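Below, each structure is written out as structure tokens.
Next come two complexes, and both contain chain A; in the first it sits with chain B, in the second with chain C.
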Partner chain A sequence: MAFLKQYISDVYRAVSSLLKGMKTTGSYFVRPKEIITQQYPDNRASMTIPERFRGEVVMTHDENNEHACTGCTACELACPNATIKIVTKFDTTPEGKKKKALDTFVYHLELCTMCNLCVEACPTSAIKMAQSFEHSVYDRSQLLKKLNKPGSKLRAGVE
Partner chain B sequence: MFSLEHITDFIQQWLYATFNPTMALILECVIVMLLVIGLFAVLGLVLVLMERKVAARMQIRLGPNRVGPKGMLQTAADTLKLMMKEGLTPDGADKFLFNLAPFIVMIAAMLIMAPIAFAKGFQIWDINIGVLYVSAVSSVSVIGILMAGWASNNKYSLLGAMRSGAQIVSYELSAGLSIISIVVLSGSLQVSDIIASQQTGWWLFRGHIPAIIAFVIFIIAVTAETNRAPFDLAEAESELTAGFHTEYSGMKFALFFLAEYINIFIVCAIGATLFLGGWMPLHIGHWEGFNQIMDYIPSSLWFLGKTFFLIFLIMWFRWTFPRLRVDQLLSLEWKYLLPISMFNLLLITLIAIMGWHF
Partner chain C sequence: MYRETQIIESAKTTSPNGGPDAVDDGALVINVGPQHPATHGVLHLVITLQGETIQKIEPHLGYIHRSIEKMCESLSYRQFIYVTSRMDYLSAHINNHGCALCVEKGLQLEVPPRAQVIRVLMDELTRIASHELWWGAMAMDLGAFTPFFYAFRERETINDIMEETCGARLTMNYMVPGGVMYDIHPNFQKRVKDFIQLFTNKIDEYDDLVTGNIIFQNRTQGVGVLTAADAISYGCTGPVARGSGVACDIRKLYPYEVYNKVAFDEIIETAGDSYARYLVRIKELKQSVRIVEQLIDNIPEGDFQAKTKAVLKLPKGEFYSRVETARGEFGVYIVSEGGTTPYRIKFRSPGFSNLSALDHISRGCKIGDLMAIMGTLDLVIPDIDR
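Then we have the complex of A and B:
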């Protein structure tokens, strides 16, 4: 008798779990408004990409053309496949001391896997992930990017 | 009122009045053949499109929407592509069997078409053992599948074909028992008689809970028999690339693909005939007004509506459930479906003998 009880409860639980799955897919079927597909080339102008999407690494510059990168190379060390190369220079401070500063932030987009480790490693939040994704070019040398804008300098107060 | 029966009667009378009986019979056969082939082509296009659209909606996607209005011509374009592709035969294959197999599968699907009543008085062959004929011929297609798997000279094909064989042999039992339970209730093997016995109500409703259980088991078993997910072990693209039709390309592959969809249509048509009253309109007890309104809907629409509802149900299964393992597949049949359907058949026999059904 215990066997029969087990058998019937097995069948009952199997059927109810299957029905639960069918309910989920069925509810999506009757609610076409929830379709998340974007008609990409058609809606290129109006398309919105989720903020968490990782398209490429960019360096944020403010209106004075200043960035927050101190040239500490934490991102370069964090990068698992040598996508980032930091070239540093020595600035002289008003007191006459020499100080290490960023010269060029070299970013190889063709090597990047968008793992976000550099952004997490950055102590001053100088770099972030952008949502742009149309990266195709005809020559791979065009994928080598300099992230700091020409003439930009370190924002005052960032150590 | 629109009726296919009048059209066929008119054509038959005209043929017999114009030609001698032999000629008229031959012409009728030609017309039927053309109709069946036409139906196959249309069904293939419609069902594949329907499947892709249903799948897309269930996975929160859009599905094909570029070729033609709302993607309606997508499957036609795909067919054109398949026709232009090269039908490759592998070097080590058994050439004759390899090329024969798709046609066997297709012919088996065509043969089952014979006793299906598409509308009132619109049936190719109202054979007096219609249901038996259907369940017998439906197992012929497994020969085609085994042939394709063996002749391909490919381990995946052979494995897929073997699995398909085991599956069809197992699940035919419970499908057969479910069919028998309706035969017990209606007391006839003839398709037209079974439909006529549902004049006052469909067997799904009249046979109480046992009929519903038989219906559920029938749907599960035919899903397995047509090798559809969650029972698509014969194809199992993640394990066997494409199972028995791995080596097929071009139009020969298209025939397998088409046969799969035709088989779905056929088993759903049989399910609709046995459990949902075929072309019989929905009648509720003594609601005369309601019943008369229902009678105004053409019987062909009733049949197609019921069939497409069942097809949708099977597609719903496919896009919801994960694939079973082989041992799970067999234990589901031999430990659950078969004992339950045997017990259920006993109950239905009791109901039929005591006249407890409505």
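Then we have the complex of A and C:
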């Protein structure tokens, strides 16, 4: 008799626990507003990416095609993965002196882990993190980027 | 001969201890992993079965070994922190925190109070996110698919908060020696409060869905019992040891940052089975919420980062610091020769020690119970293999 009682109470407990769980799941049928699925990539236009999101390193250029990179290689030294390679050249100043300047800012997006250490290290805030995140390309060589635009030069007053 | 075949052959023929380890005639040796949906990573288990009963489990590691410790020897004290996000990627913040603490110990650097509170807030949010993923994945291993979506729904909110403040969703690299990388986002406090409000209702939903479920209880209660003595001798930490009644919470025993100023309970269950380990984590979620609630309105004003030199040099010596990750004790041991890079780094990862108890607690269980045991051990394979 005790066995039967135990058996029936077990069955009752089992069925009620299962129904309780099903009630939780089933209640979402009548609360469709709480469903949070996003229809990516159809919602690209309405997506908001936080401004701190780290997508890739870019160099900021102003309207005169001038940047703030002095070629000091602080970012290159700060990078843990050798993602950045800075090629420098010697410019001649109006006074006739030779001065080190940036020639090419080589950036390997395929090696970058978006740790932000280069942006932190930059003394002139020449580089920053961009919010783009769709980086897939068909060939790896397309991920090798030159960050300074062609013809750009150092902004006056930046040392 | 394939490597897997070799391992099976050697498991059949060798009996290292002679007696109880010797494989009987008619035993079946099977592989679980390295590509298996329930191992959640490239863990390779060689299981000796007698019928359906597990006789022996041999974990084989090395499939995701990246030699992180060796890599860190060539990186500076600022740079090596980001690599540790790739170990236990579910508690990336807490790993980074442990490394930052160790470097600060070497530099004898005082962290500003604001940075300490932000760090603890981030740690606890990470712990909630990690336990959420564990809850979803574990229920999925046991055949319940819906909890996975529910867990990810709430975890997504935390990821969005992280994305807004830290700039990344999983491998944040937000902790730097001396504080945090940037100040919290202006929306941070409001969004965390919204999340807490949403989340406290959802924990009850979790209980209805899984904790009270009779199938789940029958599959986990009394399965994979780890006694307190075994938990200590295997070096288990975190929820695994606390489920066996061992008080081992680093936040209570060796408080770091502001953990000695906040009120929270150390959750201890004494049964030692899979269900006890499950309960510890579910209750820890509520404790983490409690810590966040206490701190979110009390972030002190001030600097978020202490002034440090451009090049960090640790004095000659040995430094060790430990933190409580979502999985247990994470230790960082740095040997410095006085240079800009560490001479040697050793990480004590919680997953490795917890995995070592797997063979002991699964012997005699059925093969179906293995998923419940592995689920509640909460193994993250890159953390085990490094």
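As a convention for this text, the second predicted complex is superposed on the first by the 120 of 159 C-alpha atoms of A that agree within 3 Å, B and C clash if a C-alpha of one lies under 4 Å from a C-alpha of the other, contacts with A are read in each partner's own complex, and residues count from 1 in each chain.
The criterion applied here is as follows: a contact is a pair of C-beta atoms (placed from the backbone, for glycine too) under 8 Å apart; a residue touches a chain by one contact, two chains touch by 3 or more.
Just so it is clear, the structure is predicted and the values come from calculations on it, not from any experiment.
For chain A, the partner that touches more of its residues is C, with chain B and chain C as the two candidates. When the shared chain is aligned, no partner comes close enough to touch A:99: not chain B, not chain C. In the superposition on chain A, A:21 makes contact with both chain B and chain C.
In the superposed model, A:44 lies in contact with neither chain B nor chain C. Touch criterion met: A:52 reaches chain C, while chain B stays clear of it.
By the touch criterion stated above, A:116 is placed in contact with chain C alone, chain B being left untouched.
Of the two partner chains placed around the shared chain by superposition, chain B is the only one that A:32 touches, whereas chain C remains out of contact. Once the two complexes are laid over each other on the shared chain, residue contacts for A:78 go to chain C alone; chain B is not touched. When both complexes are overlaid on chain A, the residue A:13 reaches chain C alone and has no touch with chain B. Touch criterion not met for A:149: it reaches neither chain B nor chain C.
Residue overlap on chain A between the chain B contacts of one complex and the chain C contacts of the other covers 18, 21, 24-25, 36. Residue ranges of chain A in contact with chain C, taken from their complex: 13-14, 17-18, 20-21, 23-25, 36, 50, 52-54, 78-80, 113-117, 120, 129. Contact residues of chain A toward chain B in the complex are 11, 18, 21-22, 24-26, 28-29, 32, 34-37, 39. Those residues of chain C whose C-beta lies close enough to touch chain A in the complex are 75, 78-80, 82-83, 146, 153, 156, 163-168, 171, 173, 176, 181-182, 185, 205, 208-210, 212-215. On chain B, the positions that touch chain A within their shared complex are 54, 57-62, 316-317, 319-321, 336, 340.
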